[in-house]
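Each of the two complexes below includes chain A, the first together with chain B, the second together with chain C.
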Partner chain A sequence: MTSAIVGEPLPQVSAQEKTLGRAIYSGDVKVAGMLHAKLLRSPYSHAVIRSIDTSAAEALPGVKAVVTGADVPERAWGVAHKQQHVLARGLVRFAGEEVAAVVAVSEAVAQEALDLIVVEYEEAGALLDPEGALDGGAPKVHAEGNLADEINISRGDVEAGFAGADIVHEATYRTHSQYPGYMEPMATVAATDGTGKLTVWTSTQSVFLARQRLAEALDRPVSTIRVIQATVGGGFGAKIVEERSSVIAAFLATVVDRPVRVGLSRLDDIQSGCFSVPTRIHLKMGMMRDGRIVAKDVQVLADCGAYAGLAPEVMLVTAMRSDNMQRIENVRTKAQLVYTHTMPRGAFRGFGGTQMSFALNSHMAVMADMLGMDAIELHRKNAIRTGDVSVHGWNIGSCGLPECLDQVQAAIGWDEKRARPKGTGVLRRGVGMAAVMHVSGNRTMGNWDGSTVVLKVNEDGRAVILTAESDMGQGANTMLSQICAQELGIPLSHVTVQAPDTDSAPYCLGSIASRVTVNAGHAMLKAARQAQGQILEAAAEKLGCDADELSIVDGVVQSNKNGNLFAPLPEICRYHIFRRGGEGILVRATHDPQTVMMDKDHYGNIAPAYSFAAQAVEVEVDTETGQVRVVDTYLSDDCGKAINPLAVHGQSNGAAVQSIGWTLYEHLQFEDGRVMNGNLADYTMPTAESVPTIQSGIVESNDPNGPLGAKGASETAILPGAPAIANAVFDAIGVRITDLPITPEKILAGLAAKEESQHA
Partner chain B sequence: MREFEFLEPQTLTEALAMMSEYEDDACVYAGGTALLLAMRQRMLSPGFVVSLGKLDELREITFNPAEGLRIGALARHSDVARAPDVQAHYPMLAGMAGGLANPQVRNQGTIGGNLCYADPATDPPSCLIAMDAEVTIAGPGGERRLPMREFVVDFFTTALEPGEILTHITLPPPRPDRTGLYRRHLRTPAEHRPVANVALTFRDVNGVPEDVRLVIGAAVPVAQSMTRAEDFLTARAITLDVAAEAAAMVAEDIDPISDGRGEEAFRRQVVRAITRRILAEAAGLNWKDAAA
Partner chain C sequence: MSGKRISLIVNGESVKAEVLVNRLLSDFLRDDLALTGTKRGCETGVCGACSVLVDGDVVKSCLSLAAQVDGKTLTTVEGLGRIGDLHPLQESFMAHGGLQCGYCTPGFLLAAADLLSRNPDPQDAEIREALSGNLCRCTGYQGIVDAVRNVAESTHGN
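Let's turn to the complex of A and B:
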């Protein structure tokens, strides 16, 4: 062991190269002979492609290839639903779908050539509103119909629960799509070599899932493709397997047999990226007078757009995850995922959790008022606790939710602010809160969730980590480096994490489901301890003592019994090589958590640990203009153990900002299925000026299954913001907004309706 | 963005010659914050971009108590906001320029570029109209001056003739009895552009306004003087009721833009609110206690 590294608020290991502008993102990659591609998108939501005339584009000097749906592999790619092609083949299903691509010597030439492609479309009736998707007469998005997925879950006796309930409340909530808004729009450079092998540098959360998808979309063996993760400027779920431009770039490289770069503009990224899944949620809950939830009925209608992608998995989370946060027995859920002729929607930080969190926490606030009970008290009353098994079979190894509630209650000044008289002026303030849970890991992707780390300790005693778990900005490399450095007894600066590369790194799923800290962190711990064992064994041999009495402190192997017995770590590492026939220290460790796959009824302990969070906010509502301003926010995250408190605060604060954006500022606008505000001037994400000082706290519940007690800490924090704000708005002006975003118009309309009902 | 030729004239005469030569195929580059976005989106594809960057005399901000303020068209918003003479004698203008858009735009965009682009969703026009500003335009035939209120004529359209360049904005000398306020409203705090703004100036005659200018911008295609409300307010002591009545009048008289950032009814409501507030503030009244 060495001076504490785990638990310290350390800057990210990537901070220096990023702030110096030295980090290499995919768009920075330059390969000799590299060409540039631009993509032609459908202006129609639903149309048959009658013909595409590429002759004029091909004739433009500098154009190397014009590719259309007729040229792409017949094999379809997708997650569970194989339904997408590299480019649209004969039919477009949403405005913005890629119809053709031009490869040229420069982006400017490629762009010019796009204008010369003549596409003859025959427009067909488009289904734009998910509400009508299942009506008999609705235009069909896919031949098999518009229902992409349906989930039905029933536990306990819901009807009996409602029959016995003292109060019952039901309401419908609507949530809208959010753009992941990462700083780095998608970029990919793909190149074939003389053997035909394809190498792809791209911005991804998972190189192995990316490779799998490319193998499928390009219809070629997995091992003929090598995916290398460049520095990723944020992913938020959209860079798992749903963005489409990396697939197109890879295919184009195989067509021209030269390196091709596809770097998306912000507009292109918005059109080909992946927004979150919009939902309509009908929620009915029954409670006893003491606040106990005795029945819950959930109906979800979710819109995946034109292609399913990860949306069925997202909807499953919407449908049942938050049930596990509370001690409930009777719950029934029916969730339907429908196609529409709109842009595909899917994975987004929180993975379906934000949608239901909005409904559930709004509902809890309403029912607390009905009971005359404090909302925090109502959450505390129902909160699941350490040691419980939830209604869907989740083993709660640690639960810091009550502590999170305590923290936010004190930090926001909840009791005083709730007790103050209601404002009557033009500007009115209110406070609101919400409580949430999330998984740390998830076994549902193929009945395993393991992670493998390879660790090399060089002859100078410094370490190199090989993994394919992705650092997309959330800090995975820092977390791994901290655990490695601490366990090996070396400084943090002596650890390097290799960029994920499918040809050299062990197989990993990547950064999804908040699984990297809890699983890869564990594998790292095991690998470091294994390496340490080898080092100490070699040192014992060299020093002539027992390995048991040795430890590594600040880069020196030291006997605990005899102060004169020590050796610098590099000496032992060299000794290991020289005395073992050249075998350096190279260890591999896998950690597959002891979780189970959900059964067909969605029952089973899918994650090794579960994270919790709570947030309280104070808002000021301008009753004349409808403007809502968040004036204070405090979020508490139960991350088990903060391996790096600075990183946890960063994640919590960033999540709080992103949720403020979703709730109040960001609003994707469509006209006939076309995105009308596909730029950051009109799709307004939060700015520094538009958020208050963001505060957060950490609860350390020390999960028995987490590495050093740690759980995931990047996703839970996105979940509570929206309902906390909606609840605070209600507290301020008595208007309950049930459909997001909370726009000034909705505030004014709500106030007007309230006024009218008071005078009626 | 399409390819273009970047021209850097060394003198105004040279710039004017270029503008006359290339006419519709040329755009003036005066900071580029709006122009480059439009070119990137290919809403504009000029063959020639004439940069005024070398014309240092167009950056100058000069003040003279007898003649007033003269702002070169190439003065950046942050230059206007920070100029000691502007802060001392025209605090309303300094405040407007210092709160415009965002720091990036303020440090790069210029007041002349802003006026010539004539995007309604901006701050300077209403403020300058209320301050009785004039613009100086250079052209092949010499110079001409126009009141600011006649300069912007429609969405993205000004009174500039082909070949002309806006060179200066002038403001009359400050009068000790004349006061002014400027307020902008953002649809949400995350916006950079106002959904509506209001500028108010008047001569304070023993607490009663005379020579009132009340101008609404951003909510309307072209910043609009609210003449009925100006007349109503003239020689009338401002109370909260008077402010509310004038605000209602203004909300009724405007011809609002209706688009993705605000429908007509919403813009009227916002204009009414900010007009009431600016009038109340001008009279030292508290508008926060009760809505109109």
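Let's turn to the complex of A and C:
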């Protein structure tokens, strides 16, 4: 065994090239003869395109092509709902939808030409509010109606549960849409070549899903397309399959038969989506006096905007995932996803979990107060445990939730702070907490959630990993490299991971559903052990001993029995080739977890492991201005086993701040369906100054199905922030905010209402 | 659009170029000099991804014109260090989780270099304030603040 690599807080394998400014993001890619494109967007939420006059734009010197919906393939693309085209064809369904594109010698010329395109629109009534979407007279977003999806789940006997409950509480919660806010706006370079192949360098979380979508949208075989992942400047879910500009770029390259670059401006990036799914959640829960949840009724109304994308999957998570966190038997859910004439919403870190986490954890806090019980105690009482099968059939192989609760309780000083007298001054402090769960993997995209890793060990004993799982900054490549180095007994610096490329990497699903560590990590483990076996066999042959007595330590193959029997790894790797019938070391391993797809009732063990987290925060509320400031936060993540604690803390800390942003600062504003704050000055994401020291802890529950015990980290950590803050606000000033974001106006209104009711 | 001849020093090398008077410094660096370490994240002066040092002071290159840096000395992230000879801030960002996706990193490195040149021993609050013109969506800023504090402490031995 080489000195420990797994479990060490190591810098990311990509850290050096990134700090040197030498990592190549897709916007940095330059190909000889490259042209630039700009996109024209609809100013209307719902309009028929009567005509588009491109003649003046085409006449502008330097313009190579002007393309409209009339030129794009008829075939529609989408996830389950095939309803989008490369450019809008005859009808626009949201303000910001792409109606035309100009390809020119420079961005400046393309931009100038955009202004010369004359589009004649005929405005139609727009449906902007999801609340009215299912009314008979509402404007229709799609011919088949405004209901994109509906989910009904019923387990146990909910009515009997409520009838027998000691207390019942119901409330309605509202969550708003969040912009992923990755610092790299979408960019793509696409080029055709003399063989007819289309190569696409883009910022994506999944090259194979990207290729599949391009094949559909451009109506050509997948093998005629090659997608290469450039360094990704953050994804947070939006770069799975919902952004549209890479599709447009690829199509434009086929039109002009030359390389085309589409680099979105920040405004473009915001206008084109994809933001998270806004919801209205009605929650009713019944409990016994001892805190046991005996009945739960959930109603969700979610808005996917103009196109469904991944939103049906997202809503399913909102509808039922958090049920699995608690030992409940009686639950009923009705969830409806509706279209509106607004930007498409869909996947976002947490994948629908943040929405329900806000409702459930707010509800738990209220009911704890009703029972006169501590909120952490109430969570503990109901928490699912290792070995349980949840109400929806999930096998909980490991659950560190109780330990997460212990950690945050101690770290924030929960007991003392909850016991202190309530403030009466201008600035008042309070503490709040929340508990959450997430999947590590999800068998949902067809009956396979596997991952394949190809591992080459070169003749110098160094390793190259080929995979199409995606590192978007979260550290997937580092995780794979650490497992590989440790298992092979070589230094971390001797491992490289090739950027995902659909022409050379094995088929992989990519960075979705926190599946990469648990599934690709496992495949990596198998591949490394396979390669090690081959190396030791070859070494045994060369050294004339038994393979069983050999191991690789720090790049040297040596005998455990005879200290004089050893050979440097490169010598053995060369011997593996240069012998009769030899070959270079090239192994492949696949790991497909023992999970099932949900049945039609949404029952079944979909993931090999489930991760948990808890967070406690302290806030300070300014009762004069209504400002809420997070002054302390501690988040504990049960990631099974931290393959890289530095990376896990990084995920937890980043998620904590992203959730502070969602809860307090980020507020997408629309007027007539148009985004009014499509820039980073007005869409205000947290800065270093607006957040406190961020603290996080790790719980290692060592999942039996995880590689070396590991589960996913990162998505779980985005889930508890909003309700923890809302609960802390209530603790501070006695005002319960049930609709996000928590703005100064709502705080002041809440305080005024409270004042009034006290005097009434 | 009229042009202007400019001459400047970029990362220690002298550069002479003819630029349009409205040419953004960020575009000049990225597109003309192929220094793509300088990023564009907003082009409105908010995110700081495009930060460079001009005569030692941090400047947002998306708000500056190439014509304005005539005669000046510039440092972009590519000029901060090289393999085998990294800048202490680069080492420290790596060691303390000061980056994930890395898109914001060049800007933060240069903003931090500017801070430490003015204030070699900043408090955390001063670090946070000095870096508040830069946005990072991945790290929650903790790793970045840790990284900068560590460089200050190791050069000051406290």
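One rule holds for everything that comes next: the second predicted complex is superposed on the first by the 757 of 760 C-alpha atoms of A that agree within 3 Å, B and C clash if a C-alpha of one lies under 4 Å from a C-alpha of the other, contacts with A are read in each partner's own complex, and residues count from 1 in each chain.
Throughout what follows, contacts are C-beta pairs under 8 Å (C-beta built on N, C-alpha and C of every residue); 3 or more make two chains touch, one makes a residue touch a chain.
Only a predicted model underlies this, so the values are computations on that prediction, with no experimental measurement involved.
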Partner chain(s) touched by A:Y665 [first = chain B, second = chain C, both, neither]: first
Touching partner for A:T687 - first (chain B), second (chain C), both, neither: both
Touching partner for A:A655 - first (chain B), second (chain C), both, neither: second
Partner chain(s) touched by A:G181 [first = chain B, second = chain C, both, neither]: second
Partner chain(s) touched by A:G234 [first = chain B, second = chain C, both, neither]: second
Which superposed partner A:I572 touches (first chain B, second chain C, both, neither): neither
Most chain A residues touched (candidates chain B, chain C): C
Which of chain B and chain C A:L748 touches, first, second, both or neither: first
First, second, both or neither for A:I465, with chain B first and chain C second: neither
Chain A residues contacted in one complex by chain B, in the other by chain C: 265, 679, 681, 685-687, 689-691
Of all residues in chain A, those that touch chain C in their complex: 9, 11-12, 14-16, 18-25, 27-28, 30, 180-185, 231-234, 236, 263, 265-266, 472-475, 646-647, 649-650, 653-658, 679-681, 685-691, 693-694
Chain A contact footprint on chain C (complex, rising order): 30, 34-44, 46-47, 49, 76-78, 80-83, 86, 90, 93-97, 99-106, 109, 124, 127-129, 131-132, 134-145
Of chain A, residues touching chain B in the complex: 108, 112, 265, 267, 424-427, 622-629, 661, 664-665, 669, 676-677, 679, 681-682, 684-687, 689-691, 744-745, 748
Chain A-touching residues of chain B, taken from the complex the two chains share: 1-3, 37, 40-41, 102, 185-193, 260-261, 263, 266, 269-270, 272-274, 276, 287-292
